[in-house]
Every structure is written in structure tokens, then in C-alpha cells.
Amino acid sequence: MGKVNSITSPAPKGGVSYKQISIEYENMPVILKPVYTGICGTDRGIVNGALQFAYCPPGYSDLALGHESICKVVSAKSNEFGIRSGDLVVPQVRRPGKCLNCATGRSDNCSDGDKHEAGITGMHGFMREEFGDYPEYLLKVSSDSIREVGVLTEPLKNVEKAFEVYEVASRRSISTDRFGSLSEKRAIVIGTGSEAFLYALKCRDYGFQTLITNRHPVDDLKMKFLDAAGVEFFDYTKEHRDSKGWDLVIDTSGDPGTILRFLRKTNNNGNIILFGTNGKAPATGIDGQDIDYIIERNIFLIGSVDGARVHYERALQDLERWNAQYGDRLKSLITHRFSPQDTSVFTKKDPLEIKSVIDWSM
Amino acid sequence: MGKVNSITSPAPKGGVSYKQISIEYENMPVILKPVYTGICGTDRGIVNGALQFAYCPPGYSDLALGHESICKVVSAKSNEFGIRSGDLVVPQVRRPGKCLNCATGRSDNCSDGDKHEAGITGMHGFMREEFGDYPEYLLKVSSDSIREVGVLTEPLKNVEKAFEVYEVASRRSISTDRFGSLSEKRAIVIGTGSEAFLYALKCRDYGFQTLITNRHPVDDLKMKFLDAAGVEFFDYTKEHRDSKGWDLVIDTSGDPGTILRFLRKTNNNGNIILFGTNGKAPATGIDGQDIDYIIERNIFLIGSVDGARVHYERALQDLERWNAQYGDRLKSLITHRFSPQDTSVFTKKDPLEIKSVIDWSM
Amino acid sequence: MGKVNSITSPAPKGGVSYKQISIEYENMPVILKPVYTGICGTDRGIVNGALQFAYCPPGYSDLALGHESICKVVSAKSNEFGIRSGDLVVPQVRRPGKCLNCATGRSDNCSDGDKHEAGITGMHGFMREEFGDYPEYLLKVSSDSIREVGVLTEPLKNVEKAFEVYEVASRRSISTDRFGSLSEKRAIVIGTGSEAFLYALKCRDYGFQTLITNRHPVDDLKMKFLDAAGVEFFDYTKEHRDSKGWDLVIDTSGDPGTILRFLRKTNNNGNIILFGTNGKAPATGIDGQDIDYIIERNIFLIGSVDGARVHYERALQDLERWNAQYGDRLKSLITHRFSPQDTSVFTKKDPLEIKSVIDWSM
Amino acid sequence: MGKVNSITSPAPKGGVSYKQISIEYENMPVILKPVYTGICGTDRGIVNGALQFAYCPPGYSDLALGHESICKVVSAKSNEFGIRSGDLVVPQVRRPGKCLNCATGRSDNCSDGDKHEAGITGMHGFMREEFGDYPEYLLKVSSDSIREVGVLTEPLKNVEKAFEVYEVASRRSISTDRFGSLSEKRAIVIGTGSEAFLYALKCRDYGFQTLITNRHPVDDLKMKFLDAAGVEFFDYTKEHRDSKGWDLVIDTSGDPGTILRFLRKTNNNGNIILFGTNGKAPATGIDGQDIDYIIERNIFLIGSVDGARVHYERALQDLERWNAQYGDRLKSLITHRFSPQDTSVFTKKDPLEIKSVIDWSM
């Protein structure tokens, strides 16, 4: 039974350790080592004991953390997915239950909630020196050029799924301009974290006039990135840019008050993608006129979570293109690197952080 | 210039009169007389001066009311729509502006708000002894058997549009059961007015287990109708029926507090159709956990207003079938009849009312 | 082991007998007796030995025929589908295999062909004095008024499926007219059998200008039915009606030469639904210009087979409405009635036949 | 009135010259010079006098050729499309008429055929030393790295449109595998020209097991490219690879006999995209069993032509990514370069040609 160094938390109590835990994995068809693993709000939430839905696998009092990762295949039994020793791969986070959506490979749309998420709910995560997995849950990274930014695949797959859902939703009316494109339509992304940046890049790809906002200014590094991507920033506590309204609103803040503020300036046939969660965000009032506003304009509010295999595939493709298009700018999204032993990253967050990663070679 | 008896209101000030007003219509290609015109909350809202968006056509200080109607064609110039003298027809309420959605016959999805609604915004309504219209806005009623219930075509077209939108939205995941149908899925309609009843009938047609609710019991006539249609009523202030959650929530109340109550019991991949408006409904608190709930379950909140020509067509077909299927039960939805002169219906509402109509033969 | 009188054929050899065969059914959850069973080309094909894909259930040298039926429930174990003794029901024909489409209740879209069809492929059909089934495959007929025309549910469910597919396909471009409807669009149905008539009625419901054609004139009964439904007939060997082209072509003939003839007059963004099969239809030439024609106009050729539970539900609803709308005209589609003993119907076809049925009370 | 050197043909008679023609363009809002223009079968067809649908603009007896191009902006009046002097751009080929599809920016789906195509039908093409255009028809190339392969944008936009249509069509059933992806599904591209290669790359991006075929072997350069892209070639006159059938067939040959050969091995719910045209391809027989095959398997045959602004945008994004992913391999698709004066390229085709371009700097 393999004892391997892992970053663990006794979920859902909170706390974090770098220590050896025993997890049988040697007989799994694919053996992997992490290259980079990303840190996100969920990891910090578990460590802070703020996420009551997190739990350990049966028989364990510790949960190995980690769901954003890019890994190296150490060895692989022959398989039909073409996963071979030496490959760079991204493992899927969510694993299917038995509902119809799960049965068709869409555990992101799990109907009954009976699924697991690596490093979060009942399944060990990827912050382990070495671990095993099944080839069907591994996505091959085609090029070494995105070895580093590839750690963004997992957060980006959420964006890909959200846009798939947006495409379904936007078919209810003509949502393009007179050129059949989106160049006359306006998207606003609320928030300026890494996930917000990924959403903004995707909005640009779709051809939207894209703005991004927060309730405070952003630092110079972020401004340079946004400029390069053709995304306009404004501080919504200081300025309004809503005279033409919003056709697409994407929220990464999870704050109802902020969502409502932008909802009230959403255009006819507009879509509001709810993505960011903040269970502690205070209540805001929604009244009859807000409901009326949504109805009269045929507006959709769209909750979107997770993504499926196909979204990991698209994420990898987008990263490859963005890497070509934005070059070092894209890499600059990864602002901080930590060694596995240095668990301080889970409890402190540098204001200049866009994405912090654990570098398993450190 | 034709002076005809009309039911009018000096919108948006409020008030109602049955009086002669001069509206040129004699040269219009089709001349019509109303048979029945329905009364709904919008009519009463205009009369009460509660709807500030209502306004008179240019040059008029009175607005002829009426948008729910079934009419008889008095005369018609030859046209390619097959509208002929003697036909029973339902006139469309909304008339297109110049946006792309309007240009393609979908003024219900008007992008810029530059459209008009008969009897509501800048265009005279159908509560006139005689009036003129264009053949392209008239929907032929194929059978005299729905002469009376045909007055429900206009409210029902809203339901047809909402279900079209629901169908688009529900394609984002597998939303049917293991039989490819909806017999294991649960719909709840909030409200027990005529529009709620039409929604409930449509839910039944789709195969949903259908419940309807209000914050008070309903009278015997309504209970009998609901029984016949296989719709289960409960008073949500007394009972809960949400242990299995809701797959489709349809709100006709416009009350945020009630909407949130049912939202919090909506199932994964569920849809909440917002239809009812009540600009004076008090605010309710929506917090971070509500946003989180919507996201984790991939829930959609769907604002839906109005309907297009195709929805009037489907409404007429559904009324024809329901008339066959439910017989007198369907007719029983029309609970009250008034003469055009008796404008009391605009200011009083009998608690037993489902739908009140003006009978222009009285 | 129950011996019951059945209409059988030693598939795929051909032949037909009314005789007793032993099929265990007494322990099935629902026991049924047929009321009417329809005869279609497939039944005759099996009897003629022309359908090599037909086969008997394992261990049987006879196949009980019959897939178009309306039945009475003799007894039913308690079930969640609401099937009770005395109910009129229509049994589904196709039964699922194990592919993803079958698993989600869509055996009509079976991915691997591993399904069965009652009375056709490896499963006994419904032409048995008494038989058993599972409640999940039975569709309740809500009203006794369609007791007779209800036998058309099974063929009509194919039409409902084909139109579902048409709706998916037609979303690739704007396929409606400037009123958002189909009143300026033209549909042509090839063939004048019962299935063609059902397609024509559905085209009318969608609002198409609807024509129907064959290579010979039709009798008076058919002409009267078509007139009542607003469908125009022409003999394509004598007349052309294609100066405005076709937006929707529906073929029930299975004849490639006829399909190509109408394909060559199909409009931009047009759809051609292939439904009718005739394995013995002679080859016709398709050349580079035909392929070019399809491409330049963005035309779809759509193969569509069978239908799922949801399509049986819609078929029942349409029959209920058409029965109200067309009255005796709809019933007139059932032109011939036979007793179970009189198997001559399988080998002879009256030229005046629209639909022949076996009346199990005779 | 500007006289500029142009490559012209007296369409539809055939012939080609490099000569000065007078075309007023100086007052157009954007002035451009071609950088590269691609040669395709349509250009050669016009020059050979084989395309009777080609015609000159009103008042001209010569048609400037050229529709595949990447151009440099010489000067631009201020515009809302961000087109500025110095930009690299790709001009759209098709220009809208007045139908509903054209009005919404989708002239690729033109309903009435009343559109124009630069260099083909009634509008001068881009093989002119200098010419003018409107900013709304110009697509900005974001990076100089695709200056050369950018000439593939125009042919690639057809692929992007075809896949948009494929996505609509494939929604009729579950068309993905148990992982919600396409890794267990098989695509076959018929033909080995440049357009076929672009289709094959796109199939790979979608995750299909991708094969490409022709009736003869391919040269070493092509084999290397296909290997790099993970696409398997076979000569269908020598080998069969159809034991598992085809889920997606893409034809670029326009040859009915070849299409039918692969159609007969298409899987349930499969799609056949018809793209290649060859008006002179000989007829092949299609019989009743072929029609039956299409129907029983719910197969779609999909004609797809041209692409809209949005497809040019996606083509540019894919080229940028493929350029990063495949590097020099992608550039190797451009096998031949000609000076504008050397019109021999229009009448001769090197067997090793994948894509020939005119280099306007030569």
C-alpha cells in the first residue's frame, strides 16, 4: 500500500498538511505525477473549513486536495485512449454517478447529485507525489508549449461549458447583429480573478465588445494583459459604462447585489451567466420590478457549473491558441509558484495573485 | 372619419369610459367587429393608472383598450392570407418595429423595444364596436366550436411562446426521464388565475406530473377543472409537496418571495419560467447561497413575454383539442360576461372570476 | 402456458395463419386484448416473404404479427404509469437495446441496431386474442372518442418523430417567412396512402401551403378528405406545381426516381424527409449536378424512422384534435374492417383502401 | 477612374489575362492591396469556361477573378470595425441580397439566391493590384504569424460553416460516446485536396478518429502532414476500413458513385456532409435499398455551402492555433507560389499541388 507525500485536509473541518498518506494506487491502469497543480478558492475554502459539502473518501480522515492540475504519465497499461508513458495529461475532476446525464459522459449535468469531485467530495485529489487513475479520465496535452499554462485547463473547461450553455440559450431569438456576428454586442465580466480573465478571453474570441469590472482598480500587470486582449476595465464604483446596456453578463463574484446591479442594465434577449459562488455573500433585495424587467426583455439567468470531457478538449485547444496569440502575456497569468511543502499558499493570498500554482519539481 | 363606441382610458393617467371616439379605420383592408374581448390584469392596471408604460397613440388623449379578443370579419379586401368576410379571427397584439427579430416576424423578441401593443402602448386596442386591421395580423379560427373559448387565444399564445423557450433551454442536458418522456418529472405552476390554468394544461400535455399552488384554497369550480385536467392543487402556506423537488417552475404571481421559495426546491437542470408581473411586489432577499444553489444545479431562470404568429396558431390548435377533451370544463374558465357599457369589470374583480369577458352582442 | 388465437407468419419465409400459438404471458404485469389492429405495408411484406429482416422470437417458428394497435386493458398490477383495468391503450412497437439512445428512452434512434420491434423483429406482435406487456410501454388513450381512429396512433407517431427531426434540422437558418410562420412556405407530400395523409395533416398544422401528389388520380373519398384539410392534390405525371419550388418534401413512396424529381425543385434551405421504403424500387441516376444542387442550396435529406414514447403522446393529442376538427372525415380514413379470421387482407389490397383494420370484436 | 492590373476572365466564356481594367474604387472607404490570393477549382473552372453560373458585373465584359485572399489595408476612412491602414485582412466573398437570411448577416444561407460572390458572380474579385471595399466585409487578421497561411481563411470558413450545420444536425439524437466526446466515433474525408485537409484537421479537433481517402495513393509530403495531424490515409480502391462504419462522412469529390459507396457504410444517426462539387461527375444508381438504408438508420445528407462572417472569424482562430500546433507542416500546405503575371497556374495543375497561391510581391 503506497504511502506518498500529499497535501491533505481533514475535510470538512479545515486545516492543511503536507504529509504521507496511504492510498492504494499501484494497480491503477495509469500512474501519474503532478507537474503543476493550481490553487483556487475551493481549495482555500476547504482549508479554511468554510465548505461544508467537502468530505473525505470512505475510510479516510484526510482528503488529498487538488483538482486543477497538469500531470506526467509515469506508466500506463495499454489502453484505447492513447495514453502512454511520458504523456502530459490533465485529469478530469468530476467522476460520474448513475443518472442519465452521467451515463452519457455529462457528469457536469449530473441529475441527482450522485457524483464525486477529486480533491473536493469523497475522492482524493491530485496533490499527491504520485497517484493512479483510469485512462478515460485523462486528457492528453498535445504540445509541451503549454506545459505551464496547461494548469489552466481545468478552470477554463468551466468557461467552455458555460459558453456551450450560452449557445443553446441564445438560440431562442436572433442574438447576433446584422453581420451575423457579435461585434455590435456587449459582454461584461464581473470580477478580475483568473476565472474572470479566462471568461473575458473567451468573450473576445466570440467577437463581443468585452468589458471587465470590479469594485476597485486593478494592478498594472492585469491592465497590460487586458489591453493585449482588447478587454476594457472599469471600476464600477467609480464609473458607469452601461448606457448601451449588456447583452451578456458573466458573474464570477457570487455577490447578489452586484449581479442585480448589472441585471438591471441587461438588454432585451440578454443572458446572465452565474458562475462565481460565495456562500457568505450578503442578501440583496429583488423586487417585483426586477422580475418584470427580466420578463419584458426575455432575459435568461443561467447557472452553470463544471464541464465535461469535451470542454477539457476545447480548453486545451484554446490554451494552445492563446499561447500563440498572447505569448508571455498568457503565461503572466500564473503569478506565483510554490513548492508542495509550502502550504502557506492555502491560507494567504497575495493581492497581486492571478493564479498560484504548486510546482512539483520544486 | 369614423366615430365608434369604444372602451377607452386616458392612459397612463387611469380611468375608463364607454364612449365614442374618432379613429380613422374605414380604409383599412379588413374591417372587424369584436365578438368577445377578455379582461386581464393589464387592462385593470391601465384603468387603475398603475401602468406608467401605457400610452395613447400620437394625437390622442384616449387609448381604446383591449388586446384579448376574438372578432368577426365584416369585410376584407382580397388578400393572400385567406381572410374573408364572415371569418372569425384573433388579431395579434404586438406590432413590429425595425429590429432583426421584428423583421423576421418575431416582435415578441423585439431587440430594441421599438414595437407597439394594441390597447396598451401607443396603438388602439380591440374594444371598439368596429375597427380596421391588416390581414397579416389576423389569425383565422378554423372552427365555430371555439367561438367563445377562442378569447383565450391571446393569453394562451404567451404560454406557447414560454414553452418554445423552455424547449430551447431544456436542450442543454438530458431533461427527459428514462422513457424519453416527462412522466417522471414535476412541474409546479404558481398562481391560480386563468393564465396559470392555461400553463397547467400545457404542462399536462407535455406529460409532466403537474401541481398548481397558491397561498389560499381555491373554490369548487376551479377544483373540478383541475381534477378533470389531472392537476393537483395545494395551498403552499399549509402544505409542502416539494420532497422530490421541481423540474419546471412556472410563476404567474410576479412575487419574488414566492419565486425564491420554489427556486430553493428546484432540481438539477431545472427551469424556472418567470411570466407573471407585479411591479408593486415587495422585495425579498436573495443571498450568496441562492446564487450558489442556481449554479451548482445548472438551473435556468427564464423571462418570457408575449408570443408570435406561430404561437397564436398553436394556441388555436390547443384550444380546439382542449375543447374536445375537456368540453364544458374548458368553457367554465369563462366565468363572467359583461356588456360593453358595463365598465365596472375594470375596477372590481369577483373572487370567483377565472376569466371575465365583454360580450359585444349584449 | 397460454394458447391463444393469433395471426401469425413463419417469418421471414412468408405466409399467414389465424391459429393458436403458445406464448407465456399470464404473469406479465398488464394483460390486454386488442380492439383494433391496423394493417400496413410491413405486415403485408412479411406475409409475402419480402422482408428478410423479419424474424421470429427465439424458440418460435411463428411470429405473431401486428404493430399498429389500440387495446383494452384486461387487468393490470399496480403500477406508477397509471395503467388500470378498462383503460384503452396503445402499446409501443420498438423495445430498447442497451445503447445510449435506448437507455434514454429513444430506441427510435437506436445507435447499434440492437432493439426489437413487436410483430416484426424477434418479438411477438399485437394480433393476439390476448397478450401481456409492461406498463412502461403502454400509452393511455384519454378519451373514448378516438377508440377507432386511435389505431392510427402508431403510424402517426412516425410523423411526429419526423417533424421533431425537421424542427432540429430547420434551425440551421431562418426557415420561416417574414411573419415568423410558414404560411408562405410550400410542403409537398409524395404518395397518397394513409401515412401520406397523416403527413399532410401535420404539414397543415404547421401552417405550410400543403400539396400532395401521386402518379395517378385519387378517388372521390380521398379528394373530399384533402379538401376538408386544405390540402391540394395533383397528379405529377400530368401537371407541375413546382414553379415556386418546395421548402419541405416528404416522401412516402420510397422510389428514388420520384424523390430525385422533387429534389430538383427544392428551394434553398429546403428539407427532404425520406420516410417511405420500397426495397424493390428501381435505381435512378444521381449525377454531379444533383449533388451540386443540394450543396449550393444548403439542402438536407433526412432519413427518419420510428418514434419514441413522446411521439405516441403527441400522436394521441393530434388525433384528439383532428377528430374534433375533421370529425367523420378523419374516421373515413379507416376504409375497411376485417375479422381476425379473415386473413385475406394480408394478401389483397383494395384500391380504395386508405387504412384497413382488424376489428377484434368481429 | 482607376486602371489597375488585374487577373481577369471574360466570364462565362473562359480565358484568362493579366491586364489593366478600369474599375472605380478610389472612393471606397477602405483601399486594399492583395498579399496572397489562392487558386481553387472555381477559379480554374471559370478560366476553362466550365462554370456557366459565373458572370461579369453589369457593364463589364471582364470579371476580375479571385476570392481566396489575404490583403493589406492601404488606407481606411474611420470606421466602427476597427479597420486601419496597415492591417492584414481577409475580405468576405459573398455579399448579401435582401432575403431574411441575408438581412441577418447570413448570406451563406441566402434564401432566394439574390446575392453576389466576388470573383465569381457579378462582382469583381480580389486579384487586382489595388481595390476598394467596405469595412464591414473585412476580417482582421490578428497576427502576422499567419500572413501566409491566412490565405486559407476563405476555404476554411466553408469548413467552419459545415461543422456549425453538423452541430445543429447532430442534436437530433445522442451522437457522442459514453464519455460525452467523439473519441469512439469515426469520420472519413473523401478527397485529398486542400479543402479535404482542412476538413480532416477540423475532424481531429472535434476528437473524431479521422481517416482520409482517395482512389490513388498520396505523395510523401501529404503523408507527413497527415501523420502529424493524426489522420490515417487509405486508398479506397485497394483497401476497406469500414468494418466499424462511419459516423461522419465528408465528401469533397462531388462524385455520386463515391458518395454512395461510403453512404452504404454509414452508421446509425450518421451524417454525410456534401461539400465538393463536380458538375460533370457521372451519374450513379441509387435504388430503393439505398433509400431504405438512409431511413432505417436516421441518416442525414447535408448540403453545405459558403460561410458567414462568424465562420471567417473561427477560421482565423483555427489557423492561428494550427500554426502553433503544426508549425511548418501547416505552411507546407501552400505548395506553389506564382507571380500575378504568370497565369499558367489557371490552366495547369501540378499533381503535387495542395494549394497554389499568387504572391503579389513577386
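Note that the chains are named A, B, C and D in the order they appear, and that numbering of residues resets to 1 at the start of each chain.
Following the convention adopted for this analysis, contacts are C-beta pairs under 8 Å (C-beta built on N, C-alpha and C of every residue); 3 or more make two chains touch, one makes a residue touch a chain.
From a predicted model like this one, the values you see are computed outputs, not experimental measurements.
Interface note: chain C and chain D, two copies of one sequence, contact each other through mostly matching residue numbers (shared numbers exceed half of all numbers used). Note: the chain lying farthest from chain D is B, by mean C-alpha position.
Rounded to whole angstrom, the centroid-to-centroid distance between chain B and chain D, based on C-alpha atoms, equals 48 Å.
Each chain gets a centre from the mean of its Cα atoms; for chain A and chain B, those two points are 41 Å apart. Each chain gets a centre from the mean of its Cα atoms; for chain B and chain C, those two points are 36 Å apart. Those residues of chain D in touch with two or more other chains are numbered 100, 103-104, 106, 171, 174, 177-178.
Contact residues of chain A toward chain C in the complex are 100, 103-104, 171. Contact residues of chain C toward chain D in the complex are 100-101, 104, 106, 108-113, 164-165, 168-169, 171-174, 177-178, 251, 254-256, 259-260, 267-269, 274-275, 277-292, 294-305. Of all residues in chain D, those touching chain A in their complex are 81, 103-106, 136, 142-143, 145, 174, 176-183, 205, 207, 308-310, 313, 317, 320-321, 323-325.
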